[in-house]
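Next come two complexes, and both contain chain A; in the first it sits with chain B, in the second with chain C.
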Partner chain A sequence: MQGDRGYLDKVKIFFAECFLLGLFILFMRVEHIIGILILIFGMGACWYIYDKLENVQISIREILKREKIFSMILTFVILVCVPIFLKDSVYLLNLCIWAGIYVMLATGLNYQIGSTNIVNLATAASYGIGAYTSALISVHTGISFWLVILIAGCASGFMGFILGLPTLKTKDYYLTLVTLAFGLIVYLVLNNLEFTGGPNGIGDIPPPTIFGYSFRQDLHIFGMTLPYHVNFYYLVLFLASFYTLISNRLYHSRVGLTWNAIREDEIAAKCVGINTTNYKILSFVINCFLDGMTGAVYAHYVSFISPENFQFFLSVVVVTMVILGGIDNVFGVVFGAVLLTLLPEKFRVFQDFRLMLYGVIVIATLIFRPKGLFPQKLRKYAEG
Partner chain B sequence: MSGLLETTDLTIKFGGLTAVDQVTFRVDQCEIVGLIGPNGAGKTTFFNLITGIYRPTSGRILFQGKNTVGLPTFEIARKGIIRTFQNLRLFANLSVLDNVMLGMHNKQRSQWYHAIFWNSFAKKEMKEAAEKAGELLSYFSKELVEDRYKKAAELPLAHRRRLEICRALASDPVLLLLDEPSAGMDTEETFALMEDIGKIQERKKEIGIVIIEHDMTVIENIAKRVVVLNYGKEIAQGSFAEISQTPEVLEAYLGKRDADAEA
Partner chain C sequence: MLGFLEQIINALLLGCNYALIAIGFSLFFGALNVVHFSHGDVCILGSFVFIILYMLAFSVKLFNVLPPCFGVLVLIAATVVITGILGMLFEKVVIKPFRNSNALMPLVATVALGLIIRETIRLFYPEGSNPQIFPDVLPQGYFDISGFILRYDNLIILFVTFAVITLLFFFIRFSSKGRAIRAVSQDTEAAMMMGIRLDSTIAMTFLIGSGLGALAGILNGAYISLIRFDMGLMSGVKGWSAATIGGLGNIYGAIIGGFLFGFVETFACAYVPGGTAYKDVFAFSVVIFFLIFRPSGILGEKVYEKV
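Moving on, here comes the complex of A and B:
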């Protein structure tokens, strides 16, 4: 009986995920206005149904919990296969890579905005410091990318520590302003320092190599030729999966719970013995470290960076992804990042109305769903 | 022999206002001391001083013989001084179980690197904490156990107060400070509260409790000794029977003219 149900669950999950894959490819490919609108309304309707029917939510969660490992492996396999469906379009592959990069940025920011309620507007700064650190080291030395990415993470992590120090004295809105100012300062420094190339930025960043194989080489596999972007797609896929895993683990650990306590009531948190300052600084350091690694990946993907890539608007975009996707819900944040990367691109068909439509969707979500499309779920514990 | 908690001439001034005025106070192990006084007398401020939320202008606070003035709040909590709040400070959007588990924060060891790189350890610790929390809840209330995955904000008031007490107990306190735990409760709920406090003492005999209350039934029934504050100063101390006859106390609560009406 148990085995039968397990088999049935797996079949359901398999078909569901294949269906989602088809939907995703369709969404990426469709160019016609009507087609896009139909798909968006369809997805919106599905989300609405999911949101309103508690039993549907519960049964989906049950099935995923029972077949956790199977569904994770299947998802990963499907994501590995995505480039095959997109191998003719460098534009679409690039879009997927961007979705992955934003997933990495958003899951990091979620530790602060989602878990701890620290609105950090300096994502562009930690991302940029990671990118620049990695670029400078790669261009001037021969150090391997795989070490450089860690160094970039450390550099940004250290920046996060510095940024977190004022939490001792400032709170809430004031801390947000500090991060805002910090982001602007970093931009100005990058733009004016000769060492960082000023407004000309840094170019000719060498691509990563692994066992002599350069990431700028096209991939020949199973008789297919895939453009070199696929290499970066897999790198980003691997890292984004890792970031998502970390997010999940931190959320269900004492750290995630403590962050939430600080968010809910900082004084009560102190009174149960939580060192709130340390935990807040921890959220800064982890977020910024991960942003730094992401920046290194970005720099080595586009091979040319300049301060223009790290402006305040990017921080705002990532904040929007976290809030819209779901505050302190890992799946929601990932979904929000992917959705808000793909939507403005799809809305190109609307030409002049593109950004307006994007803005309308964001504002509508904030009015009707301030907690995000997928709000935080309560933690459940395996009890003996 | 020093008491569990001793304050000597504890004073705090906010600008021109002296909220707590040279209060010398003591509570021992196994003791329940009532702290009463009209609104604004400085009782909650006194608790805030002991728990390190405020820093005194002058005076001493000794806990188990050691000074605690200047220590950050979380350190004082770690030493075993745990409090509840007049207007409840639960972690509203977290579940009942999460609230109690957070009370156990100091007993736990797992850090961020455990969560990321040694996840089984982090998970195991949370599972054990959840079980202990469940056990603690069941000691106090079947309803709380049933509702353990409900958001704390969705519970009725009496359950929320009970939850806050459970959270406080999860920290394994040495000194428990209860701030108006029966506020907003009816007779039945107040009676249940007194039973709960009895259960606390049964579960851990050496615990010292200071309870701020306006409901004299509660004070009468459970406090061995009562301290009365008015305008930040201590105006009387003794058993409930004694202080309820003291003229200064009657005057503080009822005003000068109708002091005889109480008797």
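Moving on, here comes the complex of A and C:
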């Protein structure tokens, strides 16, 4: 019996994921605004109904829990197949890469806003430091990208450590102000320093290579020719999956539990013997390390960076993604990042009103769904 | 020596602007324990409201009826009231729903509100993305004290700011509304038990804070004579920083913090070689320094955590 049910579950998951893939491709492909609106309202309605049906949610969660490994591998395989459906449009591939980069930033920030309740408005700074470190090293020394990405991560992580030190003394708004001031300082310094190129930025950053194969070279595979963006898509997909996996493991580890304890009540956490300072600094370091690696990927993908790419607004966007998706829920954060990358692009018809729409969406979400679209459930350690 | 005096005047002028904005941050924080991140944008909104009113006044030929200096005063008063009411509305719509939730929700909500305000100005004001020329509302001309030039408009800005701060001091100190504001900022629940209406007191603080912000926007516009839709973000961050240096929740601290900020920025510009590009870096470094070594600010009281 068990075998039969497992088989049935796998089939169900397979069709569900194929359906989602189809929906995603359709959403990417639709260009007419009426089509987009119909799709969005349709999905919104489905989601609304789903949100009301507790039983369905529980059964879906149970199926996914039983077939965890299978569904994860299947999702990965399906994401690997995405470029085949989008190979004729560089624009859409580019969009997917951006979605991936934002997923990476958002999962990183989730350690702070989600797990530990530190509103860090310096994402742009850590991301920018990673990007600039990697770009400077690559341009001047020609060290392999795979080493540079780690160096960028370390540089940014070290910055995170410095930024985390004030947690010894400050918290809440004060800590947010420290991160905000730090982010602005980094932007201003990048804009004014000589060796970072000032406002002109750094150009001609070499693409990553692997065994002599350059990433800026069209991909020939199974008799198909895919644009070179696909290489970067796979890189970003690999890293983003890696980030989400780390996130997931950390959430279920003792560290994640400790962070949550600090979020819920710092004094109580101290009383049970948690060294809150160390754990807060740890969340800074991990977040900045991941941001730094993301920055390196970004720099090598676009091959030109300037301080304009690392402005305050970027930090706000990433904060918004975490909050919209669902605080501390890894799946929700990923969903929020993808949604908020694609929506503004799909609303190109509204052109100038896009940013305003963004603001309205954020406020509406905060008021009507303060825990995000996919709220995190309470931890459960025992059945029943 | 003359140069030094001029720098002091510049620092005072900048300090006036920051102090007026910082007072708003401190009032809001005192009343609600929230940081109204878009307060800087409300200030710039104030200066745009003033430009619109000024042009309206021109088109209905208000200045033919009223003497110009009186007319400008009326316009400034109208701007302050309109922006104050807008600030109250923002509080009702964006901040009030989060009164009982996590303290960081209103911060993010007001970040989004700031975005909406900036975009509204950019889209709905004619050619809003370009810098706008602020009308010359203050008299031009100067005293020449043996080479030291003291402009009338600078003097007026200083005078108005000090007058408003003094008025605010008396209002907070002696009026019943002011007492209510102080009571709420000291202990909200106890104040409510004493029969103070929380909603109307908070609305009052937002009216005053946003009105002062509008005044800061007008004076700043008159001083630099060019305004842009996105200037609010930076002035908001600086106002918040100034209020924090002084001690969030303490109005006098906000004033001191504002002037300190003005002095740091001006002197970094004037006396550090190559400092002009880095003036904000100096200012923000001071903020970080203060937050690390004196987190509660200059005048802020130390908060002990109770279980």
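Here is the rule we use: the second predicted complex is superposed on the first by the 378 of 384 C-alpha atoms of A that agree within 3 Å, B and C clash if a C-alpha of one lies under 4 Å from a C-alpha of the other, contacts with A are read in each partner's own complex, and residues count from 1 in each chain.
Heads up, the rule we're going with is that contacts are C-beta pairs under 8 Å (C-beta built on N, C-alpha and C of every residue); 3 or more make two chains touch, one makes a residue touch a chain.
All figures in this text were calculated on a predicted structure; none of them were measured in a lab.
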item: Chain B versus chain C as contact partner of A:Leu8, first or second or both or neither; value: neither
item: Partner chain in contact with A:Arg254 - chain B first, chain C second, else both or neither; value: first
item: First, second, both or neither for A:Ile84, with chain B first and chain C second; value: neither
item: A:Ile143 touches, of chain B and chain C: first, second, both or neither?; value: neither
item: Touched partner set for A:Ile274, first chain B, second chain C, both or neither; value: first
item: Contacts of A:Tyr381 with chain B and chain C, given as first, second, both or neither; value: first
item: Partner chain(s) touched by A:Asp172 [first = chain B, second = chain C, both, neither]; value: second
item: Partner chain(s) touched by A:Leu282 [first = chain B, second = chain C, both, neither]; value: first
item: Partner chain(s) touched by A:Leu53 [first = chain B, second = chain C, both, neither]; value: neither
item: Intersection of the chain A residues that touch chain B with those that touch chain C; value: 267
item: Interfacial residue positions of chain C with respect to chain A in the complex; value: 29, 35, 94, 97-98, 101-105, 107-109, 111-113, 115-116, 119-120, 122-123, 233, 237, 240-241, 244, 248, 277-278, 280-281, 284-285, 287-288, 291-293, 295, 305, 307
item: Residues of chain A defined as touching chain B within the complex; value: 246, 249-250, 252-258, 260-261, 264-265, 267-276, 282, 286, 376, 378-384
item: Of all residues in chain A, those that touch chain C in their complex; value: 113, 117, 119, 165-166, 169-170, 172-174, 176-178, 180-182, 184-185, 188-189, 191-192, 267, 312, 316, 319-320, 323, 352-353, 355-356, 358-360, 362-363, 366-367, 370
item: Chain A-facing residues of chain B, complex; value: 51, 53, 72-74, 77-78, 82-83, 85, 89-95, 97-98, 101-103, 105-106, 108, 110-112, 114-116, 119, 122-123, 125-127, 130-131, 134, 149, 151, 167, 171
